[in-house]
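Next come two complexes, and both contain chain A; in the first it sits with chain B, in the second with chain C.
After this line comes the complex of A and B, so read on.
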């Protein structure tokens, strides 16, 4: 079965005063129907830029934007902006933004937010759209009266649910969630995660879940992509990544997570992540890597392990 | 609010009367006038000087009583305040309306329409240009047009009348296409339409000079304001959802910032009714500004106080109206509770 979404060699570079920022550099992965992919990594490693690149939501200073994103057999990178808006944006892929607390216009009612994508992208009549909005707030666990409220009257968790409803209202195949729980308290985080799992089993939707919170990603992910300095250094099934990560960075990252049932102190990754303007030549993790070898001065190959799993490291080149 | 109006009016009363010293000027002028009129009046020719002096002192005393100058200034200042606040603006000391009335209401009422005509037009025009240009620039920030307007913003370091002088030199003196100033051609055209056209012709230069002085900085300010608000998360997210730019501008940028924009507009509108002293002088425009300048020049306190009172009231009322309007346009603001 072909994957629902296949991202191949996706690049997104930004032009800045100090040089070219390689925010997304040659990223490849696939997402199947009903599957969740977690993208984890430190702040500033290009996770959010990856979301923007897939959704073609780009700032003005884009220098390079290339690669292929095949959704349902169509390479959406070949579509014009208006075709993309018409056929992909919010139809196939929608997005839950990073700043969910402030993602809703304070002076527009919840219902007007929710019907907007339906009216704009699907040409649904207002009455039908309101009906759909009624169902959707129920689905995300809010009562109908919230439709007629203004966002400033809702709590953070409720707003997050509204934003999720807003991303789901057009029934897309994939939702990209950019740090959907980072502004919320732990209880609300757990609620939202429960909601997402529930939605996935009810609707068969796929998630791309971007987070720096490894604990949360393990709750929901089927696959995990570990990003470092604009590259995906390891992509694998989550049970493999969380238990025996391959890439040295993935190892270091995961051993920095405190564990409940193991008597092991968390460690930290020495050094600081490199600037994306002038990343180190060859393997970008080499300056911080305990296993660095002379060959790491050259760009490591992408070593395929399975379908939709790989590691980008010289350590595994011989195998 | 009411307190603010009272304090403002009282301050104007004290200042306009120079803390009571104006009275002394008035009294000495009065003495001079009485003696002069007696001296030059042929009916009193040949009267002995003592008699004339007695007569003069009696007239002066009467006049002082009539004008209420025999009471202490503090007491009178509160009388003035009471009269001003009840909008009983009284009569001017020396000025007259062109119809011959010396009631302050008549004098101000006669000047207000011309001021409103010119300066309200100017301010509404400038405001509309600022708003639209600001929106246009925020949509295309960094473009050539944007840079041009921004580089023109320092023009506002000089007031409107400054450019007025140049405009008069260029368009009135050199080219002779537009009048030097005034409200209407002399003699005024009989036909209403021609009259209106003539007034319009006289409005061109003041409007132009104010536009030069105030539109670039205003557009710059609005542009920056809109740019700041179009970086809000909810605007970004609306863009990510593919909401068309026109709807984004209307629903996501303009709607949430409506209250400050409305405030700006209303206050500009009200203050425009006070006219502009120097600009009216430069263009010889018979408005409230000129009136104020004349009243200050000859110490006509009732006119100064009357004008200040009317505007204090206008501002007070419009701020109350604004509060109500806020509650209507912005759901975050609620009346009561």
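After this line comes the complex of A and C, so read on.
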């Protein structure tokens, strides 16, 4: 069965005063029907840029933008901007950004927010759109009266539900969620994660869940992509990544998580990720890696382990 | 059984004792006060010498206000704060300067906490100048402070400006500044929540090493149970302006008693591939408006174990073990 979305050798570089920033550097992964992928990594590793590259939300200083993104058999990188807008964005893939819940216009009613993508992207009549909005608020666990309220009257958790409804209303196959719960309190966060799980089982939708919070990512992920300095260093099933990750960075990242329910003191890797302007040649984790070898001065190959799982590390070459 | 708050002597090992503290912020409409936000409403705490005391709660529970009250940065409505047996709620200007020297503060956002136009040297020197150190001991102290927070060699960092440092490095400068007058008590309000996972652990480990070295008492204010578990000796859980449970860190995490603590701990996931198939119980509703907190137990509108008594009467702090206390009718002697 072909994957729902297949991203291959995706690059997104930005031009800045100080040089070219390699925010997304040769990223490859697939998302299968009904499966969810978590993209984890520290701030500045390129995970938000990856979302923007897929959705073609690009700033003006793009230096390199290439690769392929195949959705439903169509390489959307070949579409013009207007075709992309008509056929992909919010139709096949929608997006919940980091600050989305604060980007609702406080003086535009919830219902008017919700019907906009339907009317705009799908050309649905207003009456039908309102009907769809009615169903959608129910699906995200809000009562119908919320349709007629204004965002400023709602709490953070409720606004987040509205934003999720907004991403789902056009019935896309994939929703990209960029840190959807980071601004919320623990209990509200748990509520939203419960909602996402519920939506997944009810609608079979796929999520690409971008987060720095590894515990939270495991609430959603079937597959995990671990990003470091613009690259995916490991792509694997969550059964492997959360239990026995392969890449030394993935191992370090997992052991820096303080465990609440088991007793295992967290550890840290000294140093900091490299700048994405002129990253070190060869493996980018080499300066901090406890397993570094002379060969790591050359760029490690992508070692395929299975369909849709690989590790980019010399330790696994030639095995 | 509300803290019997007549001024009595405090146990020897207690550095800071807070008794029935209230901090209410007035809400004004034009010139009349129309109500109060009861940010801290009847809190009693005893912080011991050389311990890390975590105050854990969700946003808006009053934990930051409590931290500011400890440092006397907000106006107290009632209650007492005793530091080394001195009542710091009633300090003269001169004694207040002494208290400023005895205490330090680390804030959440290091970029906001240090002036961007000052070099690291200036940032670290300023408290020393205010407290009249001469130039030579001043410089020595600055170098030593940089070594303490492992910004070494110090000459590489001393002339840098905040924008030249990473978030983690700058937070270490902020910690060095908080410790430079050798205080005995430091209030750290979400000191690592803006940092990445690995840097977060690195910073907390460093902070804990310094705490041991100088036998500091730290009040660690956070929303994060998992760092509190590994980096504090005791945990106090705050909800709607009150402390609802307090005890040894590992005990609170492994054997929470209060329905609020239990609910929070149950919804926090460790990385685990089976999490995605799990359905978690959450509390219904949201924390109350602190202008009109619910009667009786403040959790009662959300609590899965609510009883009649919870709706009208405030529960007392009840002893579970000699170190573990909980404010809940489920455990009060009926």
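To be clear about the criterion, the second predicted complex is superposed on the first by the 316 of 319 C-alpha atoms of A that agree within 3 Å, B and C clash if a C-alpha of one lies under 4 Å from a C-alpha of the other, contacts with A are read in each partner's own complex, and residues count from 1 in each chain.
The rule is short, and it goes like this: a residue touches a chain if its C-beta (ideal position, glycine included) is under 8 Å from a C-beta of that chain, and two chains touch if they have at least 3 such contacts.
Computed from a predicted model, the values in this text were never measured in an experiment.
Three-chain overlay on chain A, with chain B and chain C fitting side by side and no clash.
Touch criterion met: A:90 reaches chain B, while chain C stays clear of it.
By the touch criterion stated above, A:316 is placed in contact with neither chain B nor chain C. Taking chain A as the reference chain, the count of touched residues is higher for C when chain B and chain C are set side by side.
When the two structures are aligned on the shared chain, A:216 is found in touch with chain C, with no touch to chain B. Legend: residue contacts after superposition of the two complexes on their common chain; A:186 is shown touching chain C, with no touch to chain B.
Using CA centres, the angle subtended at chain A by chain B and chain C is 70 degrees, rounded to a multiple of 10.
Residue contacts after overlaying the shared chain place A:265 against chain C, while chain B stays out of touching range. Within the superposed three-chain model, A:239 lies in touch with chain C and out of touch with chain B [touch as defined at top]. Looking at the shared chain after the overlay, A:65 reaches neither chain B nor chain C.
The gap separating chain B from chain C in the superposed three-chain model is 11 Å, by closest C-alpha atoms.
Residues of chain B touching chain A in their complex: 232-244, 251-252, 255-256, 330-332. Against chain A, the residues of chain C that register as touching in their complex are 58-59, 166, 168, 196-202, 205, 223, 225-227, 229-230, 250, 253, 263-265, 267-273, 275-276, 278-280, 282-283, 286.
For chain A in complex with chain B, the touching residues are 55, 57, 85, 89-90, 94-95, 97, 99, 101-108, 116-117, 120-121, 150, 152, 163, 166. On the side of chain A, the complex with chain C involves touching residues 36, 42-43, 155, 157, 185-191, 193-194, 197, 212, 214-222, 237-239, 241-243, 252-254, 256-263, 265-270, 272.
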